[in-house]
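Since the structure comes first, as structure tokens, the remarks are kept for the end.
As written, the chains take the letters A, B, C, D, E, F, G and H, and residue 1 is the first residue of each chain.
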Amino acid sequence: MPKVVVVMGSKSDNEIIKPTMEILENLGIDHEVKIISAHRTPEKARQFGLSAKNNGVEVIIAAAGCAAHLPGVLASWTTIPVIGVPISVNELNGVDALYSMSQMPAGIPVATVAIGSAGAKNAAYLAAEILGLKYDAIRQAYENYRQQLNQA
Amino acid sequence: MPKVVVVMGSKSDNEIIKPTMEILENLGIDHEVKIISAHRTPEKARQFGLSAKNNGVEVIIAAAGCAAHLPGVLASWTTIPVIGVPISVNELNGVDALYSMSQMPAGIPVATVAIGSAGAKNAAYLAAEILGLKYDAIRQAYENYRQQLNQA
Amino acid sequence: MPKVVVVMGSKSDNEIIKPTMEILENLGIDHEVKIISAHRTPEKARQFGLSAKNNGVEVIIAAAGCAAHLPGVLASWTTIPVIGVPISVNELNGVDALYSMSQMPAGIPVATVAIGSAGAKNAAYLAAEILGLKYDAIRQAYENYRQQLNQA
Amino acid sequence: MPKVVVVMGSKSDNEIIKPTMEILENLGIDHEVKIISAHRTPEKARQFGLSAKNNGVEVIIAAAGCAAHLPGVLASWTTIPVIGVPISVNELNGVDALYSMSQMPAGIPVATVAIGSAGAKNAAYLAAEILGLKYDAIRQAYENYRQQLNQA
Amino acid sequence: MPKVVVVMGSKSDNEIIKPTMEILENLGIDHEVKIISAHRTPEKARQFGLSAKNNGVEVIIAAAGCAAHLPGVLASWTTIPVIGVPISVNELNGVDALYSMSQMPAGIPVATVAIGSAGAKNAAYLAAEILGLKYDAIRQAYENYRQQLNQA
Amino acid sequence: MPKVVVVMGSKSDNEIIKPTMEILENLGIDHEVKIISAHRTPEKARQFGLSAKNNGVEVIIAAAGCAAHLPGVLASWTTIPVIGVPISVNELNGVDALYSMSQMPAGIPVATVAIGSAGAKNAAYLAAEILGLKYDAIRQAYENYRQQLNQA
Amino acid sequence: MPKVVVVMGSKSDNEIIKPTMEILENLGIDHEVKIISAHRTPEKARQFGLSAKNNGVEVIIAAAGCAAHLPGVLASWTTIPVIGVPISVNELNGVDALYSMSQMPAGIPVATVAIGSAGAKNAAYLAAEILGLKYDAIRQAYENYRQQLNQA
Amino acid sequence: MPKVVVVMGSKSDNEIIKPTMEILENLGIDHEVKIISAHRTPEKARQFGLSAKNNGVEVIIAAAGCAAHLPGVLASWTTIPVIGVPISVNELNGVDALYSMSQMPAGIPVATVAIGSAGAKNAAYLAAEILGLKYDAIRQAYENYRQQLNQA
């Protein structure tokens, strides 16, 4: 399995997750998308979480709206870093998802990024920062990106 | 197992759940308390959820604060009604828990009641209304309570 | 009268309540729609509430926006379970309705579900969970639905 | 019956309503306190609302916390002005009550004032402004108060 | 001058205030519209406020968005009832206006109604309830309206 | 009159405004405190606003809670800069005051700083930055302060 | 360099800043636009901040959305007044930006104005009020504008 | 320098950061505390950020309240992961800090955890998850902790 798995609750979240994939691609980070619902398919979430590390996954990115338990549930089944992207799919504009991801209880962290589009991008950059501690090529690719930002 | 199981995330929530127990007691509803964390003990949550119905549980009441995934996670593992009591344990005053419980995605409902003390009581009364559809003694006990309210 | 009555404050809420009806239909649950305003037609609300149980109603689903007193007012006149669906009909995006339904005082619970579309569906599923405790056919229909979710 | 009736949901709200009474007293406005719960004693609320005008009541002041349906429910049973005082009795600091009172649907207004102490006082002053249109003594008393404010 | 003056901060609020005028018209209440800004034309606000009562005005309805000081400023210059209609004209959806109107300090009340369309209508109905205490024709017209609501 | 006048709505806000005075003192800025209520003493507010510039006032600092119209009302009567300090005096924790000050309509700005203690201090520092453009001694004093911060 | 520099985080904020420029133009205030990101180009932000005063800049206006650190970061590098315009570029409607600008810690103030369009205009008017203390022509131009408002 | 540096804006945040240090200690992760203010000591923040990676720092944890720019400012100067802990130090209960940290613009992520105590702990656990990808001893220590949680 690739280093990063991007999980979303349903196919309808695909558009939101597109820039995440493109950035991972551009930075040369192996990745894959999975559709898993924390509530509708809890056993699938559990199996994925329990086996992720042994399958070589190093970072999980989970995008979810509403109650948005997905990253927290995956985090409960694994010990690798889980990045949560709160998305706005209802009347509460993603505030429900932001609270549900960031306010995790002590012991099981979720690394929460911004609601929506900025968060979808930053999840990929955060994954690059994390993997860059271990993989020089990823670190170099991310530093190149940051230098370009600086010169833009 | 009793008809109602009241689940809380940690022993420190005990004070909040006390009136729930007293009301169930007063209405003659068999009940039991369990400490299960959706995130710290996910396998325990799963086992409890998967076996609840076969063990004779008919209603689950789950009190939780912070991200408050507990009732939603239990609901994902069972098909009996789950009542969620959002509690205030941090700076967000329970709004995080209220959003996290009520905003469940389509398919897996949580019956959410008020934040804190009023909710802890109403969870028991809602359980009585639900069980009262099936058990005459419970219905009668709850109707007596409501008549007393009316005359108070 | 049918087992479930779905009440809305005005005809303009019809679109919101459509999926509720479809799900009840699919699960084989007898149901009916009524238009009752807690404030404009309080006597109609009272009559419906007072007679619901004797007419064979077992669960009330009430959708309302703004101050959204409808489920709470119906709950004050009956002892059967009332499920509240907060809907967004103004500038506050349904937060006013969510607060007004979930924050009921001790003694008179409303089982609150999500704002808007997800809530309209979950109200029907919650009714199925409640009635499923008593009626095997409903329980079976809901469990089938949940299994399909799991395999999707 | 007196011109103004101050209604509160439970005895525990007494402290909040004290300044309301004192101001009505100081301005020479006949008044009385009643304890009525919109949800626990709906028939009492209805009887009071339906008979208020014929009993000579001209303004109702209703203080309530939580879902705070009290002023709206009373307004549904009468056509005299109802002033709502949202009070803070739980984790939401009275925002739930403010929304529940002010966001009444078209047709049945509630005149909402500030949350808590300032609102409890302003409910009395607003009653004075309303009654002052009809009763010279009340108008005069309120204008004296306002002049004193100006000179303070 | 007419019994009710409806004040708005700028011509662009005209659409919001239309139903207010129509309802006053239908209930036979003399009325007039004025454009006054609390901040851009403070002297005009002062002159209007100071002279309103002597000019025969009995109720002021003030609609405003943003900081929405208009009803509070008018209330500071007069002792007749001021009804505030918070309107949504920016990113805060009228919550800023709702807070700014309802949270008036002790001594100078504003009778706040709902944000936007429901509030624009209820301001007229509340004026009818207030004036109905003194004028039988207005009371009768409003009671007819309420009876029609009840039978709808 | 001094260069800076610090206005508060009531004596009870004195504690909040103390650090403002101390900082102005330390930076050698002439200043004075006044108690003026936008609503209870509107004529006093108007007289102060209209005459401030001619009396040599160059910056007004206004601290207020609740509806917190004070800085906006003063700004409507003058063309010198008005700095608003939202303070928390009720259940809304100063959010009402923050909205009421910052959301001023186009044409009449209020320079809003933080709620409470940080804002009370920053109002003085902002006054120093503004006056420092014109008065070298004030600029120098403020720059000294900033250098000390840097070395702390 | 001109007296006022208007800084925005990215070109996409250009539309928001247009009225700011027009008002500065109309009031005869020298100005210039710069694109600087607090996070993507921190060194550019630092250089601009450190040199602004020596280059003759007297007021900085910074518009930013999201975390909106731009005005605070510029303020950390300079001692001239920084005006912050919170803008709405995501799901939180500018509330995130409003909080991030107004809630600056003691010592480093940002003069915060309204979210979005009203704020973009008021930033220019506030700059005029500040510069008007020192430059008669600017004071006169702003006073003319205010008189026109008054007569409109 | 140690692998993890915990930065706080002022000494007064020390109590909040204590559990972070204890957990890092217990998990055998080299660490150090620094006091840096994003606004009061921006040059110190810049120097620390620019040199962190070369000094061997692999993860930065930054706790801050109010506008809480600290983690975002540090992230702008470095390419190693920055974890933000929003803390409640004023009337907004940490919501201002949560928004200011999580809503970072695309390109410069901050890994945000819960407000206050739970976040202070989870920042350390998240650092362990990140470093555990590279260092077996840290991974093992964290997995032991998680197993203990599971058995508690």
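Heads up, the rule we're going with is that contacts are C-beta pairs under 8 Å (C-beta built on N, C-alpha and C of every residue); 3 or more make two chains touch, one makes a residue touch a chain.
Note that the structure is a prediction, hence the values are computed from the model and not measured.
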{"item": "Pair from D-E, F-G or A-G with over half of its contact pairs in common with D-F", "value": "A-G"}
{"item": "Euclidean distance of C-alpha centroids - subunit C vs subunit H, Å", "value": "45"}
{"item": "Centroid spacing, where centroids are CA-atom means, of subunit A and subunit E in whole angstrom", "value": "50"}
{"item": "Where subunit B touches two or more other chains at once, by residue number", "value": "37, 40, 66-67, 90, 92-93, 95, 102-105, 107-108, 114-115, 117-118, 149"}
{"item": "All chain pairs that touch each other", "value": "A-B, A-C, A-G, A-H, B-C, B-D, B-H, C-D, C-E, D-E, D-F, E-F, E-G, F-G, F-H, G-H"}
{"item": "Contacting residues of subunit E [partner subunit C, same complex]", "value": "88, 93-95, 114-118, 149-150, 152"}
{"item": "Complex contact set, residues of subunit D against subunit E", "value": "58-59, 79-81, 83, 98, 102-115, 117-119, 121-123, 125-126, 129-134, 139, 142-143, 145-146, 149"}
{"item": "For the subunit E and subunit F complex, residues of the former touching the latter", "value": "9, 37-40, 42, 46, 65-69, 72-73, 75-77, 90, 92, 95-96, 99-105, 107-108"}
{"item": "Contacting residues of subunit D [partner subunit B, same complex]", "value": "37, 40-41, 43-44, 66-67, 90-93"}
